[in-house]
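The two complexes that follow have chain A in common; it is paired with chain B in the first and with chain C in the second.
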Partner chain A sequence: MTHRPNHYVDPAPYDPAEDIRTPGHPDLDVPNRVLIWHRFKRYKPGVISGIFLALSYLMLPFAGFIAPYTPNERHAAHLYATPQMVHLFHEGQFIGPYVYPITAEADLVNFRWTYIQDRKTAARLEWFCEGHTYNLMGFIPSDAHLFCAPEGATVFLWGADRLGRDIFSRILYGAQLSLTVGLIGITVSFLLGISIGGIAGYFGGRVDWGVQRVIEILRSLPELPLWLALSAAVPGHWGPGAVFFIISIILGLLDWPGLARAVRSKFLALREEEFVRAAEMMGARPRRVISRHLLPNFSSHLIASAILSIPAMILGETALSFLGLGLRTPAVSWGVMLNDAQNLASIEIYPWTALPMLPVVLVVLAFNFLGDGLRESLDPYSDD
Partner chain B sequence: MLLQVENLSISFGKDAPIIQNVSFGVERGQTLAIVGESGSGKTICCRALLDILPGSARIDTGTARFRGLGLDIDLLNLSNKAMRSIRGDRISMIFQEPMRSLSPLHRVGHQVAEVLCLHRGLPWREARRTVKDQFSRVGFKDIQRAWNAYPFEMSGGMRQRAMIAMAIIAKPDVLIADEPTTALDVTTQAHILGLIKDLREETGMSVIFVTHDLGVVANIADSVCVMRRGRVMESGPVDTVIKKPDHGYTRKLLAAAPVIPHEAMPNDVQLAEDPILRLDSVHKTFIIKTGQFFGRVREFRAVEDVSFAIPRGKTFAIVGESGSGKSTVANMVLGALRADEGSKIRYWPKRGGEPLDVQTLTGKSRRRFQGSAQMVFQDPFSSLSPRMQILDILTEPLAIHGIGTRKERREKAAALIERVGLDPGMLRRFPHAFSGGQRQRLSIARALMLEPDLLVCDEPTSALDLSVQAQVLNLLEEIRDNLGLSYLFISHDLAVVARVADECAVMHQGLIVEMAAPDVLFTQPKHPYTKALIAACLEADVDRKVNLATISMGAGDPHSWPSEYAMCGTSLPALVETVPGHMVRIQT
Partner chain C sequence: MELLRYVTFRFFTMILTLIVVSMLVFFIMNLPPGDYLSNQIAELRATGQDSGVAKVEFLRREYSLDQPLWKQYLIWIGFWPGPHGFSGIIQGDFGWSFEYDQPVSEIVSDALWLTVLLNLATVLFVYVVAIPLGVLEAVKSRSWIDYTLSFIGYLGIATPNFLLALILFYYGHKYLALPVGGLMDPQYEGQPLSWAKVRSVLVHLIIPTFVIGTAGASVMMQRLRANMLDELHKPYVETARAKGVGPIRLIFKYPFRVALNPFVADIGNLLPQLISGAVLVSVVLGLQTIGPALLTALKSQDQFLAGFILLFVAGLTLIGTMISDILLAMLDPRIRYGGHGK
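And then the complex of A and B:
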């Protein structure tokens, strides 16, 4: 403080020689992906969805082990069986998980199957039991199942459909196809979208103009009829595996315009950044500029866009199979299962046949939350 | 005391307080200047007064006592409704970027009239009349056009005037101006400052002016408050703080403020017998297509008849406001843009050797040229790729040209990073860990990797704080002397150029209007545009205040120049050497 009126001087000691050899913001000095992870962690729905999807995909090779029945195993005595609850306490005592056996009864007044539970018998579930054979991870034959019902009882956790096939097991097997169709389709879409969009964005001018017109034409074509037309052109004698592959490729082929547009606009923006100009002025060739400067700065956006495109493919496959033009039996996907639920009357009487809608909704929501969370956390330099 | 802030502390979330115990005040009819560099917290303090802080900000302590007409309230403790009636009516604010602060969907006149409708409840006709009067007061020449225009149709200076009109139309007691002239040209800045000063004298309102420019402070402020890192370092009347500062930080700021020379040093005329770069009659016209298929084609002459030579080992500076074509010249020198027919750009890589024609370089010779002439960019935040480590960024020029093994490249990077004053341990870090000044040094190190002979610096210090500017300029000078480089220095700041350049060319709308050594240029300017630029430079000296009123008369306007300098019409006066070493564009 001085004796001059109204003149305030801060009394704290001041060191003019600021150290320029230490980084200005050491807390930001981590690789980019760590910064993105810090921001992503704060978006709870994204994290939960990520965990859910990771678990779902991890479960896929082991679907056969977890499911008590194989997908095409029919039970003629249990058509449209009701879902069975798993109980723990029988007559006041804890005896482990068990189900009540059910027997079918034809209701000839309403023309439906009703099921009567035998509440006196407690059919305890067997663990790590032997059942029908299946291929673990797709190629190892095995007949071990996580749990199954004892002799004389059935364990239809989510009921059975019109041929007596366990819906729970079919949903697990269906996940294998429904969840991977998105991945194959996204790969096709990626490759096309990045290359075409990148070329348009980097070179600009006539190339860009041409690509944009193609994108606009493709996007203005109605999706569903195109899908139907293309999948109707698939030869009928092809096996389900080949059909599945072709369907995924078709979905990917029709989805690349969206990704290409995103890539193009991001390239156009990045091209004006000064570090790109700096590289060009130093003499870098376009290939180097694209691979070392543009793509790394864009990879996170790509991942977010790709993740947000997967739900469209899952829904596409479900729609196609629902209409009977995608996968067909004996292949099982959620869309194929919903094909059986086309009949309003059967949904009314046996509502559990529409259960495959649930995993579709959950998976699509999860992908959307995950993609949103990623997109929100992508720019590590912006202020909160 | 009209507005008195005491012990203000603000923090974000759970972190330590950003603003600590800040106190300042402004009297009725006076101007308070809040000075600080980036990160000092000056903007946050002002936003706290009007309760427009970001959502996560929390005011820990403090009072802001406002004693306007019939009011005695604490601004920090008002209800939302009460604060709404104060904003725009008793206390208003203008911002740094008028483009972002004006709604792009509404006409400017309507936006200004909205203030009157909100606070005075005037009917539309009367509001319109008042707004038009106000427009003429703030200096719009075509009032009807300003009323009907959208913000994107106006230039930066006009938008800022519209913002000022909007802020003062309700005759507030206090006007808070948050760096309103930082994004504007020097001459426009002088106009706007003059306007604010006039309005203050006319209506008796107080002004709180936030800035980082001590020149502005010396010219318009009555009292000053210097902030650093959220605390007040020094505050008091402007005479005492600027002339006899007590705190070390204030002294550092004053020392770093660039100064315009007032005395010419003995002039050693240099003939450029050994030029490293020579431009002859360089033109560049951009063709702009308006409309889609059958639109009219409009020509935009970015650069016209530019000729100069850079002597080896010297710094040549080009000064001009935005839109004068100086960046276009820099791009053409490096071959990134192709000049029009008839332009000649020649480059001598070695003393007395054969010149390279930059326009016709291809293949190997082009790569050789690119290795020999490098550029330092303006924005330190976007000129370093955020996904690459510093080591990769620095060794990239060598990797592109295929020079040296990995180990050699790394050693060279370490050597150069030491040379620019940073620690080699930083090589494995990422650019976003560094401050603006440090990044600019890294940019310079990258430019030096290929051992160039010519360095083109495109406004390298304009995005940096004042104190850091001085350090980076020192570094550039030191490197030039030690390595024998030549510089082409582009800037809009005359004072920076005065410090750094051996010869200086002033550009206006694509033409060089005057060219001389900086001392001569500043002490004996001949061209009216140069005189206008120099007059508009604000110095951090209270005794040399600029007469803002004469500047506001518009000396920068080409139509007001004497006839021998006139550039309107078809005939362009040629660049004539009036005195050895001093060229002016004048009709002879």
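And then the complex of A and C:
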């Protein structure tokens, strides 16, 4: 273990024209966020995850455009349709992306649907075509789709479910709810955690004691049964939007204690610093001291821990909906879709109905890598 | 003596917490408007079966559902006399399940033991897996062993429990001939304890334990790795190495023991997760624990059953946390002295 001094002395003469943000500069004097960025860039899984997540979230408003079908569109002739490959070469000749039309046949021996490809005709995909109407970005009615199947053919990239709904389209639509649940939840938990933790840490004494007991109690309870109980209390006649909103709040409601604890311990340490006393002497109110002088000191740590708690909420929503106590049809989320894949038969015979687990795993992994990368790069002066 | 004082102190805080938790549980159970019986009354009225109403009204009085909420709570716990004197959870009367038309204690009796057993098995699994792998990861850090284990760990965290359950359920049965569903073969259900029954339960425990424990084990593994790495870079380890201490002794003599401390302290955080996981996985795999009963009870607003199960699950967590705290105090004397205020 070599010991590095905390400051760097440049042997070259001072050059006032030089930009201190020059990359590759071994200087330790550049702004903190530049150092964080430099360290973060070296952690490849974090960077890749960040890009993946950014793309996923950017896709959300345009899910309806990218998806060839709308989420609740049923194809009665294509129940449990197999996933269709997109081919490029038909009989040795390049004709652009196309699919082979499939027709259902009832297998009366095993009582299941089998699908037969018609390998003679190549149904070329249409681009920027018209389909069912949806709302672009949630409010602009539109019927344009990026691609769709020509007349008489279907394009089920990832198969269809038991009602003949396209799984690929439903996964895209499901992302809209499944990905935002975590964001709303984390906002709730953040607001609660920062204000309660901040108050406890700043005022200390009896307030702190009370808050700490509450935190201990909440942290010692198993989350899922409480989530279940709370969501069972959501009235059945509420619309999908209201249910979605209340479920995200429920998810956030039990998550704040961890955050509050972190904020509190930081506050207890920072409260004794001179700059806090200086601010108080100048007559700053607690609210201003907390938000202007204390919070910015560790806001980046807070962001990293927030990113690390989003996956728990995404998994929570999935679990609740899977058990039938979270979002309900006609709302589409990954958990609602997996609810259909609950029995062994569907996994054995129609494995593609379990496909929504793929985005769940990917997104959760990505959030974990991103959060870890951020957390590790937050301490720019550490070794290695 | 110091330890004894700590244990009593810890025990009383646990009891207090449990009381607060019971209030919380009771409050949550009463969040939905109405209750099972008033729903039933409305249904009977709607279908014109007025004769049934009298019976349900009688039941409502019998279970004090016509009392104000605070009184209902005290009666439920057993601090206040109900229509038949003191008979609440403290006195061993867990209430009546309207859905099953049976006392709650009869519905959950077997399930309680199986729940405890399942959770114990999972905790054991987490330790048996996480400790050696975590140490291995730290010692071989930045090698392919480290990277592979980390990746598997991340996957373990990211895969939802219930999906892992479904997949393993299927493949475990297909390729390893592991039994599917339930916690014992059907012929042993309701039978007295015998060796064959114990064996059947143990074989059935393999998949659930694995499924519930994976996420916890992954988290623990990573934490132990981080703790170990911190220790391994300290100068005393360097000194020991310079003096020629063998590799095994070098790791286990001090760094391992120091790294294990925060690890033990984490049982408190791990237990709620494991118990949550157990509830979910039990529903998916159809295990005879209290998980499936909780779900149906919640869905049908069967409040005494759901309330009791929630309380039991919370109590299990609190007791587990208390045991882990006491173990930790035995391991690390600093905690005993620093425990009560400054």
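Everything that follows uses one rule, which is that the second predicted complex is superposed on the first by the 333 of 384 C-alpha atoms of A that agree within 3 Å, B and C clash if a C-alpha of one lies under 4 Å from a C-alpha of the other, contacts with A are read in each partner's own complex, and residues count from 1 in each chain.
Following the convention adopted for this analysis, a residue touches a chain if its C-beta (ideal position, glycine included) is under 8 Å from a C-beta of that chain, and two chains touch if they have at least 3 such contacts.
All figures in this text were calculated on a predicted structure; none of them were measured in a lab.
Trainee: So in the superposed three-chain picture, is A:Ala76 touching just chain B, just chain C, both, or none of them (first/second/both/neither)?
Mentor: So A:Ala76 meets neither chain B nor chain C here.
Trainee: Based on the superposed arrangement, let me know which partner A:Gly283 touches: chain B (first), chain C (second), both, or neither?
Mentor: In the superposed model, A:Gly283 contacts chain B only, not chain C.
Trainee: One more residue to check, A:Pro235. First (chain B), second (chain C), both or neither?
Mentor: A:Pro235 sits against chain C, while chain B stays out of touch.
Trainee: Have a look at where A:Leu108 lands relative to chain B and chain C in the superposition and call it first, second, both or neither.
Mentor: Neither: A:Leu108 stays clear of chain B and chain C.
Trainee: Kindly classify A:Leu58 by the partners it touches after superposition: chain B alone (first), chain C alone (second), both, or neither?
Mentor: neither
Trainee: Applying the document's definition of touch, where does A:Glu274 land relative to chain B and chain C: first, second, both, or neither?
Mentor: A:Glu274 sits against chain B, while chain C stays out of touch.
Trainee: After superposition on the shared chain, which partner residues are touched by A:Glu348: those of chain B (first), chain C (second), both, or neither?
Mentor: It touches chain C, and chain B stays clear.
Trainee: Which residues of chain A touch chain B once you look at their complex with the stated criterion?
Mentor: Chain A residues touching chain B: 2, 4, 6-10, 12, 14, 16, 20-26, 28-32, 273-275, 277-284, 288, 292-293, 296-297, 380-381, 384.
Trainee: In their complex, what parts of chain A are in touch with chain C?
Mentor: Residue positions touching the partner: 1, 216-217, 219-226, 228-230, 232-233, 235, 311, 315, 318-319, 322-325, 338, 341-342, 344, 347-348, 354, 357, 360-362, 364-365, 368-369.
Trainee: Quick one: in the complex, what on chain C touches chain A?
Mentor: Contact set of chain C toward chain A: 17, 20-21, 24-25, 28-29, 31-33, 154-155, 157-163, 166-167, 169-170, 180, 233, 235, 238, 268-269, 271-273, 275-277, 279-280, 283-284, 294-295, 298-299, 301, 306, 309-310, 313-314, 317-318, 321.
Trainee: Please name which positions on chain B make contact with chain A in the complex.
Mentor: Interface residues on chain B, with respect to chain A: 23, 54, 56, 223, 231-237, 240-241, 246-249, 252, 334, 336, 366-367, 370-371, 374-375, 377-379, 382-388, 396-397, 400-401, 421-423, 426, 429-430, 432-435, 437-438, 441, 446, 450, 471.
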